[in-house]
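Next, two complexes with chain A in common: one pairs it with chain B, the other with chain C.
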Partner chain A sequence: MSKTTNKRNGKFRTKSISTILYPVLFGVIIVVLWQTQILHKIIGADTFTLPLPGRILGIIQDNVPGIAKNVVATVIVAVGGLILGSLLGYLLAIVATIFPKWGSGGLTIVSAFNAIPIIAIAPILNNLTKDFSKDPNIRSMLAKMLVVMLTCTVSMSINAFRGFNELKPFSEDLMKSYAASKVTVFMKLRIPNSLPYVFTALRVSVPASVISALVSEYFAEYIIGVGRQIRENIVLAQYATAWAYILVACFIGIIMYVILLITEGILLKGRR
Partner chain B sequence: MKNLSMKKAITLILVLAMTVTLFAGCGNESSASNEVTPTAAAEATAAAEATSAPAGDESTGAYYAADATAESIVLDAAAKGQVGNWGLGNEYEVQALLSKYGQPTTYLSQAFDMDGFDDDTILLASAMTYNELGLVKNSYDGAYGYGDSVKYIDMNDEGVAMLEDNIFTTKEFAEANPNTVKAFIYASMQGWQYACEHPEEAAEIVYKYGSSVSSDHQAYMASEVKKLVETDMSGATVTNYGNMDESAMQQTLDLAKQYISLDDSQAADALQALTLADIMDASYWEAASASDGTFDAPEKTDVSIQLKWLPQAQFMGYYVALDKGYYTNVGLNVTIVQGGGDIGETTAVYTGQVDFGVTWVSNLIAANAGGMNLVEISQVFQRSGLVLVYKINE
Partner chain C sequence: MLAIDYLDKRLKKKDTVSNGDAVSTDIEISIRNLNVSFPDKDGGEPVNALQNINLDIKQGEFISLLGPSGCGKTTLLRTIADLQQPTSGEISVRGLSPREIRLQKKYGIVFQNPVLYDWRTVRRNVCMPMELMGIPKKDRTARVTKMLELVGLMEFGKKYPHELSGGMQQRVGIARALAIKPEILLMDEPFSALDEFTKEKLHEDLLRIWKKTNKTILFVTHNIQEAVFLSDRVVVLSPHPGRVSAVVDIELERPRSLEIKNTPEFNEMVVKVRKSFESVY
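Moving on, here comes the complex of A and B:
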């Protein structure tokens, strides 16, 4: 028994090392090409529209407090919207499972929400939330969160629905043979079964939440956030500063994704 | 069969109901939390009332007295945090005005319509005399019809005006193609002159070339743009179209140095070091205005100009010059490239996608501070078209 787990662990470890090593190596090569301006020659850019990494990092270093303020605003919107949207999606999936006759078809129609472009929905939500608070910071934060919520709801509802219904063969029959009530089946079988599917949904939602938070900031009434800074600086032709904020946005996305993977590793230990 | 389609229909209705309740849920949520905020709101208004003593007559209505001073209005709107601007490089004059009256330079992000002003989330809204101000006052299709129940604070009167629409290119292009540049300025100014003499016809020409707004609004815009082209910051008449007034340019540059804030320390230092010689070169315009219309053969005949915004009478001079054949007369084949939204006219010219561009002087200054090598070759608008509009009690 212990021998087999060791073997599995060893295999897992070499695999994960190579999956981390190769992308990192690729990234390092790109950065080196970029800093030495070979990349500029390849894609025909100049150091103005594509500033050197050293300069970009210098700007980040010079503006830590200002950047931190914007990062906090963006992360609050992304995480808040992600939580709201995921909870709502999970609830929708539960409702759809309770009423299976129209549930699955209904979810397909709900998924049409995913097709609404953020740039169309963001100004509308801005107008709808104007009465929410006297403080423009709070009301535009709500508007941004609702945009993120809409983008995160659908993937969660569809995946959770699959998790509730794609049970192991005969497991439902087994529960029934024990005369388990519907509630028990839900609590003991369906909900645990949905957990891996929840993480599948989150793997889609987490990057999507960051992207939609960045875009929704373009339209928000209150001027704050990494996305807004990217836009302002590009319009003002401050490309080095814009790149600094783009880099920061990338890190937000990557860090949130890594946190998700770690949580998944802990919660689903031994289940996959 | 029939039963099945019935079921499908019922499913559809249920899903619709589900989504509607979903949204209704959001609404309930917001009204519930509204109950929490009144104290904060009350505090805010109390604070506002304390500072708005000069405005005084809150009792007669929610807005401002018809004879209220600019200072009292700015103080009140700033205390309430309800001054609006579009941002994206259009905000410096408003920030200069806020600083003039000792207020913090924060403002609300205003959308490209006047709905925020209409629903009172913005009390003191930015407006261009030739565009948003007309939409607020006039009552044609798409306008808000406020008529004389709104007044405005003019940046020129407040001494915080910055120059706006100009013609610019890169220094390299100007040096390599001097004849093209002179001929282009000459023909463009002919266009502006004709447009200002016949604003109604100019509006029709612009409308013909593709318009983002109604023909009524286009005509209004033409009449207002004429004022900006023919009057300087002090209100004196300007007869030489495209004149580059150094004192107005200097005022623009000084305000830009104060209010353009750049995170990039290298660009911020470059901004402070800029002089007029770094951003403008009057020699091409002087040669063009002294010319009788005959130029040495242009080095480049196919040229393009990037507008700052959608086709509208704000740019009527170029459309008139194109329509009347002024460009062809000087041997140029001109393409007008429309802008809009986040089009970066400075970047478009810098990268060589287009040869000339129309931008605000402050945007050109920011771009040069960032490392571009742009140069203004003519100043079309002689005064600021930006105003802050507010409603008055009736």
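Moving on, here comes the complex of A and C:
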């Protein structure tokens, strides 16, 4: 992050090199230590509980269809819950902005939901949704999605509310001077103003949605999903397979985050 | 109160009769016994922001509201713009209330900062008020081009606000205010955040635009030189409570260029305005 005199190109280049290269280098070093079993000596593990990277990749290669099925299940839960939760959060923020007297107080209560651990809420939601469908896969899916939804709603509602209300000085006066209706102020001013705040929320929600999807799968009735496979394989002491799923889970999170960053780059282009 | 209102109306009537319609329509904004007070934050007595303001502004006039901070000049502008409600008294703009004029979208307002929407390009910022008015897209595009030409920002239409300098941003604000062809341009210390060179350039630009468009301009400032250079009349306000302490006619030739600032006449006017302050303090 060294500052260079050539601001535009220089700074950007050194920054992107350091932000990508250093983490990659660190990762490579860890993998090399791991594969050469030096890592095992350092932390006192054996190749049974901490299988070698080559073996883990081999298992992924041999089980592509099975892994894919579980990945799809997890992604549906994570993305579905993310979308539903974010939409709900955004709607709550709109309601809170329309009724400002109740709004900000109400959102404080909503944020209290964030303090409830997923592990506590997942079994409860499992129980609540048991009559939703005869198909255990579908009712489990709903329970899991609800868990993800809860985690995503709060950060979206609080950030979007700020986005609706933290307006530049006089921008509301400007709208008023053109006799703009409340709806118009929302459409032309509040909603576009909230966009960067939406991405702030998503930067928290996207990783959180993957994590809560994985955790909620632990407690689900129907046995499917990357998170569930990690658990099942650990229970069966198939550590190499468990690690394969852990690796896959990491990739899901990383890919979703990268997609988010690219979308953000496109939609917030031109803004400071 | 009622008696004053009655007298007022009679006086107005008299004016119309004696001077004929030509003169009475000449007055664009008429302010009578205007009082504005704000509730005190600590629950004490309300604070008088403006006390008993009386002022007539002619159509096409360039008028400055000049005074130190806290004299209520911005409040007066905002009350005329219907962004602030008077406690008592009357403002009539072309025979209508400020609210009616605002709803008819006859005001163009330029604020202390440019208030550009940073998700819109320069062109789309200028276009915004016309979108609100439901003007067809074809007309909007033509109008935006004309406005950018007027403020000298033709090449910058596709830029985003943060890519422009402060002076350019304020010019976009002026273009946006003029885009809907307002009758009255209200400017609230629009150049106070700019450096002296940019300011002088914009002063000349503003006078050129004013001459071309023949708008009534109400210009709030705390800068005596600025007020003298731009205005037909300078309304001097004094604080606590805000009231009109003098109205100075600026008898300088038009069109004015920056050279005028080196003339003794200009300095005389500056001294005259400054003296009207000294008599207050």
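As a convention for this text, the second predicted complex is superposed on the first by the 259 of 272 C-alpha atoms of A that agree within 3 Å, B and C clash if a C-alpha of one lies under 4 Å from a C-alpha of the other, contacts with A are read in each partner's own complex, and residues count from 1 in each chain.
Everything that follows uses one rule, which is that a residue touches a chain if its C-beta (ideal position, glycine included) is under 8 Å from a C-beta of that chain, and two chains touch if they have at least 3 such contacts.
If you're wondering where the values come from, they're calculated on a predicted model, not measured in any experiment.
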{"item": "Touching partner for A:P100 - first (chain B), second (chain C), both, neither", "value": "neither"}
{"item": "Partner chain(s) touched by A:G265 [first = chain B, second = chain C, both, neither]", "value": "neither"}
{"item": "First (chain B), second (chain C), both or neither touched by A:K130", "value": "first"}
{"item": "Partner chain in contact with A:L174 - chain B first, chain C second, else both or neither", "value": "second"}
{"item": "Chain A residues within the chain C interface of the complex", "value": "168-171, 173-180, 184, 188-189, 192-193, 195, 270-272"}
{"item": "Chain B contact footprint on chain A (complex, rising order)", "value": "48-49, 55, 58-59, 62-63, 66, 88, 92, 95, 101-102, 105-106, 109-110, 113, 123, 126-127, 129-136, 142, 146, 219-223, 231-241, 244"}
{"item": "Footprint of chain A on chain B - complex, ascending", "value": "7-8, 10-12, 14-15, 18-19, 22, 26, 30, 33-34, 37, 40-41, 44, 81, 87-89, 106-109, 111, 115-116, 119, 121, 260, 262-267, 342, 344, 346-347, 350-351, 363, 366-367, 370-372"}
{"item": "Contact set on chain C toward chain A in their complex", "value": "78, 81, 83, 102-103, 105, 107, 109, 111-113, 115, 117-121, 128-129, 131-133, 160, 162, 180"}
